[in-house]
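One chain, subunit A, links the two complexes that follow: it is found with subunit B in the first and with subunit C in the second.
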Partner chain A sequence: MQGLAPYVLQRLLWAPVILFAVSVVAFSLGRFAPSDYVELQAGPRASNETIERIREARGLNDPVYQQYGSYVLNFLQGDFGDSIIYRGVPVEDVILPRVWVTVQYNAVVILLTFVIAIPIGIVAALRRGTWLDPMAIGVFLLFASVPVLVTIPILQWLLAVQLGWLPSGGWEVREFYGVEIGLLSKRIILPVLILTLPGVAGLARYMRAQTLEVLDQDYVRTARAKGLQGFTVVSRHVARNALLPIVTILGFELAALIAGSIFLETLLGIPGIGSYAFESVKSRDYDSIMAIVLLGGGAFIGANLLVDITYGFIDPRIRLGGEVR
Partner chain B sequence: MESRKLVLVLTGVAVALIVVIGGFSAVLLLGGGDDDGSSGSDSSPGASPAAGSTPLPDRVEGELRLFGPDPITLDPACASDAGSAEYIVEVFSGLVSFDRELNLIPDIASGWDISDDGTVYTFHLRTNVQFHDGSRRVTASDFKFSMERALNPRTQSTVGEVYLDDIVGARAFVSGEANEVTGIRVIDDNTLEITIDAPKSYFLAKLSYPTGFVVDQREVGDSTCFSGANWTLRPNGTGPFRLAEWSLGQRIELEANSRYYLDPMPSLAKVTYILAGGSALIMYETDEIDLTGVGVNDIERIRDLNDPLNAEFVEVESMDTFYIGFNTQEPPFNDRRVRQALAMAIDKEFLADTILKELVVAANGILPPGIPAYNPNLEGLPYDPDRALELLDDAGGPELLNDKVLLTSGRGASLGPIVDALLLMWEQNLGVTITVQQEDFGLFLRDLDEGDFDMFDLGWIADYPDPQNFLDIKLHSQSDNNETAYSNPQVDELLEQARTEPVEETRFRLYREAEAIIVQDAPWIPLYHGKANALIKPYVEGYVVPPFVIPNLRYISISR
Partner chain C sequence: MAYAEASTPAWEQPQARPSPSFVLLRRLARRRLAVVALVVIVVFYLAGILAPWVAPYSFREADFGNIFAGPSWEHPLGTDRLGRDMLSRVIWSAQTTVIVSGAAIVTGGLALGVTMGLLSGYAGGRLDNLIMRLADAFYAVPTILLLLIITATMSEKVTDFVRNVEEWTGIGGLVSSGAPSYLLIFGALSIFGWVGMARVVRSQVLSLRESDYVLAARSAGASTARILFRHLLPNVSNIIVVALTLSLGAAAGTEVALTWLGIGIQPPHPSFGVMIFEGSGLSNLNAHPSLLLIPATVLAALMLSFNLLGDVLTDILSPRRR
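Our next item is the complex of A and B:
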């Protein structure tokens, strides 16, 4: 596995550069948006002089580069600023519990997606040409192409309002040794279902395509020619090789989940990082927006790095750093 | 070799998945039943949770469960929105408050004397008021500290001046010319003297707003409205309820303050606000909460006498007015006839009854019902399209209104049914096309303050039940909050007279006279007054829908 360490190091060195670029864009986009949080918070009763005085005191009248500079300085000292939505509460105290909420149900979604989608994709490929195949493709396409914005109200209406099987939304926790766990509540089923359906559909479609490609390979034909049983061929030769590219999807899956959780949490009233992202943009909650963007960016970089490393680990033919020998 | 590794990795992943998913589903199966409180073993699958036979959810004896958004802040000095104030009035308290009949009542002050000239208030504090942690009683210097903190520019409160600037020396303190508010004097532990700049009968009512509440100076430290506010997550207040837990975005738990000093003491042991969740109405129907308001989408269903929820529905008129305001300093809106024409071209009954489904009542004047001095016989500008057209023609015709813009706050989504209807009525009745510009709320307010608009739509909600809070604050020519820049010397004189008029009857008459003139001058088109409504479970007793924010929970009890 030589070559892995320098590669990882190189990627790690790039991470701050990427985050820096991301932070500059997010910061200036926020500042150039019309009005700011002082105005939004002040409401119709406060006088102009009061608003101006507070804005001045909070440094909002300084040039943007200067504001950015002091943000970075504070950030490096571990001061991530204060929330506006929860006025004056340090950003990390607000965000970390919310990240934990989002991580919990998304972890379940990722696990379920892979466990369900992979066998379905393989079976669909093996049944190519039968009535099962077009049906499966149709169902995949349907679920993969309907956006969560549409599935959320439909499932909510059906499962919560009409059938009354599930709570309509929200989040409920139980405490275990001081850790608040939301996995044990019925409330997690609806969000998991909503995100897993399109995930499974997309991944199964991809898995089916991969399997079909592998099925056409010479070594599969050779294996069959050797007289191996169908199941052995599939498990040992087909599935294993078809799975390889699937690992890369994990990174993209993560990005899709981060985006999806914004809608999902807002519509279902889940107190995770997605609904908070939505609220903080509405409230011009600068420090919260920055923290969320940097956190999301960091998570994305981290996940993709992990995928690359895993990939290199699974298949040494893929030489990291781009050179092919 | 590589295939061996792949197998290892995949096996590991598979084992992890099985463990996690197995555990997950096992816990779901075992623990899922607790969510609706039933044991789960015998309940028939698929039973609708809304059905009457469902066992009631687990709850603490005497617990009231409500649905609420998070407050923006629990710092009384900083709160500028009704949502925050609703929590603050239960957890904190001040010198005076309002009871449910909207009488101003003594709170931490047991009584007060007012000097003959009406400017010096001497408050006598109760001696048995303690902070929630029981460590200390509230004294006059706590009030001086708390009010000066709200006014202190360091605190960065947007509302400190709004509610406390009648106090002598407040402006000098805000501008940094003085290091204390001279009008707030601590006579002794039990006596606080507040001097105001002129006799103002509404001053006491302003003190019922959180800005004048007392905070524990040991815990607030040097926190401001925008930083260092960790203490607000577990504040040490004086109100009827103690904040036991605030899990951000998830729930707030209040517990009765056993040291509370007013009668009645809280009867509820606990109040839980569920902060996360989708639809409050669904949660009400599934017995997750005991009380909720109803929005425009559900109102028809609830009003239907055949709906089971109808029996649990109540509504009262709330103290607010929604209106169109004109820039009365700029042509063509500096011409009264143009404003009157636009007003008389609007069918307010249609807006209120048909479009908003009677969730609101059509407004005739500025003051909402429920405000003392409200005049039910006020002669407003009637819906009269013919007269409106005449007025507009006299003033110069419809082309005066070409390119005129209605400024509204919004985020680029649909304009909403009211604005749509207004545009249509103006077009049909007057033949004018008004354009609409949507702006983010902050920017919208800035443009209003700077007079950078033709016309706008906005609402005003009572801070305290007094006509001064509407007429003087919104329509006196010198008021900061007079966005329309409306100026009528005759109205100003009436309003100024009312400020210092000691006899209530005379005072209200002055306000009625001023209102009658204003309505004819039409700097505003009053559109409608809102209503507050609620669905209340039958076992909740003593709840009265308040028309504005008052400490309400201590009157409520649960019986079953």
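Our next item is the complex of A and C:
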């Protein structure tokens, strides 16, 4: 375990620095780029005095660093500012229930993606050279390549309108002990299906490549030579080692999901954080946009931090700085 | 002929070793699928570049007496809700994709990315650390979120800027031609386009830094810039081509996504984002599926080709497979 502590420490110290950079960029873009930030808040018929009063009240006449400081302090205390779309409602009250909706179906997507893609990838690698191989590669490549904004309307039309198997969109919740849960509704099937398909294809492709790498290794040949059963070799030696780098894919997967949910929720009418991001960009709701960027960035950085640290635990080469000993 | 070659003694053959890029091309030509993918990409980009001459109609030429028409001799792919020729719209959309992805790759990938990678790999030490941490920071944020906020907040500034340029230079019609939205989206894309390229180039330069010819150039008194661009750059060009191919596809995809969200290219200028968005409504899709299927198929074919080509190129270049 020697050398692990500095590695983890370095990663832990690095995450806040990136978050700081992101917050500065988001803040300066949101506060200073648009000429009509306050006019938007005040409405079209506001007089100059009203606008000046809002400027003063919001601290927009203070020095820049002071504005940034108070924004960050407020943000950390859970005060994200006021929404413009829902006039007067605090952003956090709008955003948090929506985050919960998005988290629910995305959790299902991630789980399904890993459970389905890993065995498929391993089997595809073991069947290399048979007639199944080019077909598998082709199907993976096809589904990983087609953008979600193409698959969403096509699957929606096919499964909901033509075949009538699923509701065409929306979100339905049931209450369990005061928590609104949308997992048990039929409406979750379509979004999960749409996001799982490209995820599975991408991950299975990666898993296949990893497994092929491991199959070439000497220790696999040794295991075979010892006379171990095929299944034991695959499960004990091949799968375990091929799975290691898969952890890192979680980061990419998350970024794809964040982007995917914007399109998905907008087209399917799901009241999650993605559709709200779209709405707030369209109506220039800067406090909301900033909160979404910071929360999304934070979640992404946090997930990658977790991945890095886990990987450091699993693979000793990483924490030794990549040196070959 | 083969016999004659074989009979020539090895020491008399003039420079038998072909150049690395020739080897790359020859390996590529052996993969049939990769060639098909390359052809698809080349046709797409040619159509985009030659759009003013190839497209049968203008992208805004509406024929209201002939809306939602099926395929015919005048309109091979039919017409849309305003009677605009679908084939022409697809070709003009290709032009948008070509302009935006091409410009973003040239500035972000080639100019910024390659320079950063060369510098970072060759200089090492503090500069290397700084550049790579910067790359880490860019990598650590979901791109779509920052692109969203940049394009949403900066669009007015960019329009103002272009308007000023118009007044200064006296060139009219820049704003009305939609130049601001092209400028904005290409700028936003190139800010994020350099990271992958810089990393790839850096790792390659790291291994070439200690080679004899760099040492020789340095001892002959060559400047850093000369070593970087005359000695190191030609030797990493293969890697650059592959990285460019991969990021060209990514840039094209992002442009479509941003335009779909309504913050990229503004109508009536055509883009696959606009076309797909317009074709995506359920009632529209039920009555006229071709409005979605045509741009979707073209876009999907392009993305598939980029991924396929990228796969084959990485496969060919990976040292294990040699």
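We adopt the following convention: the second predicted complex is superposed on the first by the 251 of 325 C-alpha atoms of A that agree within 3 Å, B and C clash if a C-alpha of one lies under 4 Å from a C-alpha of the other, contacts with A are read in each partner's own complex, and residues count from 1 in each chain.
The rule is simple: contacts are C-beta pairs under 8 Å (C-beta built on N, C-alpha and C of every residue); 3 or more make two chains touch, one makes a residue touch a chain.
Quick caveat: nothing in here was measured; it's all calculated off a predicted structure.
Once the two complexes are laid over each other on the shared chain, residue contacts for A:Val22 go to subunit C alone; subunit B is not touched.
In the superposition on chain A, A:Ile84 makes contact with subunit B only, not with subunit C. Of the two partners subunit B and subunit C, more residues of subunit A are touched by B. Judged by the touch definition given at the top, the superposed model places A:Pro147 against subunit C, while subunit B stays out of reach.
Contacts of A:Ile54 after superposition on the shared chain: subunit B is touched, whereas subunit C is not. Of the two partner chains, both subunit B and subunit C are touched by A:Gln156.
Touch criterion met: A:Ser168 reaches subunit B and subunit C at once.
Of the two partner chains placed around the shared chain by superposition, neither subunit B nor subunit C is touched by A:Gly274. Residue contacts after overlaying the shared chain place A:Asn304 against subunit C, while subunit B stays out of touching range.
Legend: residue contacts after superposition of the two complexes on their common chain; A:Arg284 is shown touching both subunit B and subunit C. Subunit A residues 33-36, 156, 160-161, 168, 267, 282, 284 lie at the interface with subunit B in one structure and with subunit C in the other.
Residues 136-137, 140-146, 148-150, 152-154, 156-157, 253, 256-257, 260-263, 273, 276, 279-280, 282, 285-286, 289, 292-293, 296, 299-300, 303-304, 306-308, 311 of subunit C are the ones that touch subunit A when the two sit in their complex.
Every residue of subunit B that touches subunit A in the complex is listed here, in rising order: 2-3, 5-7, 9-10, 13, 17, 20-21, 24, 27-28, 31-32, 35-36, 46-50, 70, 72-73, 75, 78, 80-81, 153, 156, 158-159, 161-162, 223-230, 232-233, 247-250, 274-279, 282-283, 286, 288, 411, 439-443, 445-446, 448-450, 458, 460, 463, 480-481.
The touching residues of subunit A, counted against subunit B in their complex, run 33-48, 50-51, 53-54, 57-58, 82, 84-90, 93-94, 97-98, 108, 111-112, 114-115, 156, 160-161, 163-165, 167-174, 180, 183-187, 189, 240, 243-244, 267-271, 275-276, 282, 284, 310, 313-317.
Put simply, subunit A touches subunit C in their complex at residues 14, 17-18, 21-22, 25-26, 29-30, 33-36, 141-142, 144-147, 149-150, 152-154, 156-157, 160-161, 168, 254-255, 258-259, 262-263, 267, 277-278, 281-282, 284, 286, 289-290, 292-293, 296-297, 300-301, 304.
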